[in-house]
Amino acid sequence: MKTVSLKLLTIIADEALQRRLIEDIKKLGAKGYTLEKAYGEGDSGGRISQWEGENIRLEMLASAELAEKILDKISRDYFDRYSIIAYLCDAQVLRGEKFL
Amino acid sequence: MEIQALVVSLLSPMVLAFVLGIVATAMKSDLKFPEELYTALTIYLLIAIGLKGGYKLSITPFSEFIYPALAALVLGVVIPIWAYQILLRMGKFDIANSAAIAAHYGSVSAVTFGEAIAFHDNLKVALLEQNPQMTEEALKLAGGVYEGFMPGLLTIMEFPAIIVAILTARIAAGKSSKSNGETSLGKVMQELLAGKSSLLLIGFLIIGMICGKRGWEQVAPFFEAPFRGILALFLLEAGLVTGRRLGDLKKVGGFLIGFGIVMPILHAMLGVYLGKLAGLSLGGATILGVLSASASYIAAPAACRVALPQASPTYYLTASLAITFPFNIIVGLPLYHYFAKLLYGT
Amino acid sequence: MEIQALVVSLLSPMVLAFVLGIVATAMKSDLKFPEELYTALTIYLLIAIGLKGGYKLSITPFSEFIYPALAALVLGVVIPIWAYQILLRMGKFDIANSAAIAAHYGSVSAVTFGEAIAFHDNLKVALLEQNPQMTEEALKLAGGVYEGFMPGLLTIMEFPAIIVAILTARIAAGKSSKSNGETSLGKVMQELLAGKSSLLLIGFLIIGMICGKRGWEQVAPFFEAPFRGILALFLLEAGLVTGRRLGDLKKVGGFLIGFGIVMPILHAMLGVYLGKLAGLSLGGATILGVLSASASYIAAPAACRVALPQASPTYYLTASLAITFPFNIIVGLPLYHYFAKLLYGT
Amino acid sequence: MEIQALVVSLLSPMVLAFVLGIVATAMKSDLKFPEELYTALTIYLLIAIGLKGGYKLSITPFSEFIYPALAALVLGVVIPIWAYQILLRMGKFDIANSAAIAAHYGSVSAVTFGEAIAFHDNLKVALLEQNPQMTEEALKLAGGVYEGFMPGLLTIMEFPAIIVAILTARIAAGKSSKSNGETSLGKVMQELLAGKSSLLLIGFLIIGMICGKRGWEQVAPFFEAPFRGILALFLLEAGLVTGRRLGDLKKVGGFLIGFGIVMPILHAMLGVYLGKLAGLSLGGATILGVLSASASYIAAPAACRVALPQASPTYYLTASLAITFPFNIIVGLPLYHYFAKLLYGT
Amino acid sequence: MKTVSLKLLTIIADEALQRRLIEDIKKLGAKGYTLEKAYGEGDSGGRISQWEGENIRLEMLASAELAEKILDKISRDYFDRYSIIAYLCDAQVLRGEKFL
Amino acid sequence: MKTVSLKLLTIIADEALQRRLIEDIKKLGAKGYTLEKAYGEGDSGGRISQWEGENIRLEMLASAELAEKILDKISRDYFDRYSIIAYLCDAQVLRGEKFL
């Protein structure tokens, strides 16, 4: 199978940021994303129910360049105020041209 | 008679369901409410409260509603301001945390309100059981009836406090509202109004007013008859979360624990007093007291997560959920009722 | 009198809940229905409609049901065919999109049906309030009653249109039904019959017929009394989704917007007319009209996603959900009722 | 008369909903219940059963309850022991699987219980329809009434069997309870007591007892009136899961299929017999029989997944869910009723 | 810890394809999978509620060879008709023999 | 963007083990985790509904060393009795110091 090397960017954040994050990544050029509900604990305490707020887990296949831009934006706008984490993995993507 | 009120409050299946929830957490039970069920119950309770209040409002003369409405507004503005000062100065909390906690105590809890309604309905049944000949007037003097438009006051008190608190924090922090990444106050207000609980309460209050009696009767079999059963379910879940939060009590420290008990009592007194001034019945004034005493845990946390993200949920959630909420529904209700009776001299 | 019908329709808490949903989206509210709640409400509505219809069918003579059933079948076959031609030729849609949209308009919406039932029940209450001495006969002439077996017609109209539309698309595309990766028509039919909505409607229609009165009475406190309240909840959610879809209106273009309003009116007239021919009462014929006018958004989208994946949800969902659905429940219901009264000459 | 009981049982919308669930799976329907809905329904049923039972217990003299309670306890201890031996020796299952299956058959099913209650309530209606003059005494002789405290017996029978079975497995395996990674028996008991179903049943039984009549009446519109409708919904879901499990029938083998039918019959007879000894009415003894016959599928699977993880769900779930459960609610109920009538000589 | 190098194959597709996809991967030899509900947006519009249909996120640990076979099958049977994406990551798996 | 190389450890297990697993990883020094509900099939049959039990999918960003310790613990305490799987991927993490 012909695959393309891309970055898989994962962002975990408070559900309250969902709308804003999605607007941001679209503005930066992302054409798609996948979203799941998630729970979690970290430095800012537990987000294990709707009382405390829940997390979203946002996943994007993107070129290294776009991924970089998104990470940049996130660390500028969110990191000092909100508790949010983000990381990259390498992925071999089928039909990968569509994400470029 | 005070005993009767206490018994009515303590033997309610709703309160006991809440206690069971706490016990379950203490026993490390695997009982869990799916988040979706919690959301569904919240939506149900807000709609049910709003709709019925709207219908009642549609049959209330404006002149009867206006003074209680003003009283509610005053409470919603004054409480967060003085709560903020106390937290900052006496509690030594930082600006963000003081403001966030103040927002919670200035705003209101729909579930505490629901339980207050159930308490009064129940009290009426108990009074009538004791003395079936009791007149409407006598019932009113004994606190067995209340104004139907109370959900209107709940709605009025929901968000002013949150705006006041956030504004206070911004002024205190000396920031222009344009600082980097910060949500503008206009946006915060817009988000508050559009927030789940305001939207449902205000929306269905209006729907209830528009539809009137015929509309209400169409949906009452769903939104009225099962209300208390569903409230019991909700309180079971609230107990589960409270139980988890109890472990955080030592983290929040003695000051906040005291704050979470003393402030509601003071606010309740203020609320009952203003309610009397505004011409409410004994029952209505008690419920206004309960509203003042109650701390939000739907609208305020949602707003603080966005507008005051530096504030720690450990403080505001533990205080409002693990201290004030149980205090209000278990001890507070009969206590505020007792206080109202003293004030009304009955 | 037409005013009365309009008022009954507009002041329904269900319709207003729908409007509130749209407003919430416009305000960017964080109000969200968990998907699971939506699924639960759908299951509830389909079962409630099916069961009651089955029970009513069990006390209906066959001769009374057969002509309306035939009328429903004819509507389910004819509507998708002509809708397809119009979409293809006048609307310039491609084969897949024309067929998918035609499938939606040929099939029916259980929620629109539920609202039509509520509208008529409500109209009856309004008529009786105006004139408590009204006889059953007079009520029937005024459209205040309808045949209890209407859910049977809903069930009949649900899937023929979808099969007709898919078949049409296949024939038009000139494909053998064995083409690579394509689902065979048999499989599509099987999936349709086994699809959530057919299965629940047909299944509980049969269960209702088997169990009869005693069976129905056992579950009526759950499936009848709270029906309208739950419908209001569902419509609030429908409003939220519609609100999101409104943004797509400009994408779908003027033709589809016009189509989504004109076709329902034509279909309603046809439905009312055939209903009269088949011997239905004024109320029954109006409901058959509403069924014809309504566009599916449970069964048809599910089928199209599998059998016509090339068709774009932007077209068929926006048309059925953001145009036709609101038009039907807000303007359509009183309009079709008015038309039926003209036709019945009352 | 036996025919009547059979008809009452078979024409129940609950049983038919279960059958529809199986049919849906056979048709590969896309009908799915969200897990959260299943959890919500379970919570509802357990609370409803517990609360009402508690209320009834609060008005029952202790002397009336003590012997049936003892009978229930004996059944809960004896059944898992002999079931274990049969499975191990005749069925050739290994220790873990024998114990796990024995735990399921010794424990009880709240849904089967709910259906047994509905069956008896329904039978009463049928009897009164036939002969409206029937006295309470005659109804009792015909099995149309039962003791209100039956949920208390359900609660008593829920977990002894599970503990007995796990203990048996540990002794048989000759392990010290301290072996590496193994959960200690104390911890298992604690987890059982805190397990969702015990906690809700015991908790709300106590709440029901404390709150008494006034408490029950507050929440009855939610926990009583819609009970059977919600039971029907639950049974539809149970049918969907059973349908999936039916495919595993060949995997479990003939012995377990026979076991899943013969053992319930024997246990039912034993239960009815002990019920008679303990002074229960015909209806009450039948229900104790049904409890004995029923196999758990909430508490026992949860416990086995933790305490006997080597046992295969394919065996215990298929047996309890795909064999014994349908057998009990379709054939078992009228059969055990018939048997009770023989024993009581009426 | 002894781990084995395997491929982690992720497929994101319309929920309506769930039954078929699982049948397919089982036929090709997969012995296990993990499944989650997901929402998402992409070229074919948003799948953000049950009205539009939801996504599933299907994850499989598999040998490079099996992963290849599955990707092959998917691109042949699904890619031209359905909107579905698939990608591979490298994973070090504990008890990895069980997946071979 | 400055990122740190860490391990992304994923554990898939029966929901009944959730409390215990989280206690374990915290004891070993993990400061955070993300959790999602999941369904699945494997050698021990299907976990596709609450009747059979559901799965959790536990994700942790951790140093290679901590990840190693957690894997060790899991294979000692759980692997012979419970059906549970675990694997590692490489991740480039933003604000990665916070996980060390």
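Note that the chains are named A, B, C, D, E and F in the order they appear, and that numbering of residues resets to 1 at the start of each chain.
Just so it is clear, contacts are C-beta pairs under 8 Å (C-beta built on N, C-alpha and C of every residue); 3 or more make two chains touch, one makes a residue touch a chain.
These numbers come from a predicted model, not from an experiment.
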Neighbouring chains common to chain D and chain E, by label: C, F
Other chains in touch with both chain A and chain C: B, E
Residue-number overlap at the chain A/chain F interface, same or different (half cut): different
Higher-contact pair (C-beta pairs counted), A-B versus C-D: C-D
Most remote chain, CA-based centroid, reference being chain D: A
Label of the chain whose CA centroid is most distant from the centroid of chain E: B
Intercentroid distance (Cα basis), chain F paired with chain B, Å: 40
Rounded Å distance between chain C and chain F, as computed from the means of their C-alpha atoms: 47
Whole-Å gap between the CA centroids of chain C and chain E: 36
Contacts with 2+ other chains: residues of chain B: 28, 30, 34-36, 39-40, 225-226, 302
Residues of chain E touching at least two other chains: 16, 36, 89-90
Residues of chain E touching chain A in the complex: 12, 36-43, 48, 55, 57, 68, 71-72, 74-75, 79, 85-90
In the complex with chain C, residue positions of chain E that touch it: 14, 16, 44-45, 49-54, 76-78, 80-83
Of all residues in chain E, those that touch chain F in their complex: 1, 3, 6, 8, 22, 31-36, 61, 89-96, 98
Of all residues in chain C, those that touch chain B in their complex: 11-13, 16-17, 20, 23-24, 27-37, 40, 118, 122, 125-126, 225-230, 232-233, 236
Chain E-touching residues of chain C, taken from the complex the two chains share: 35, 38-39, 180-182, 241, 297, 301-302, 305-306, 309-310, 312-314, 317, 321
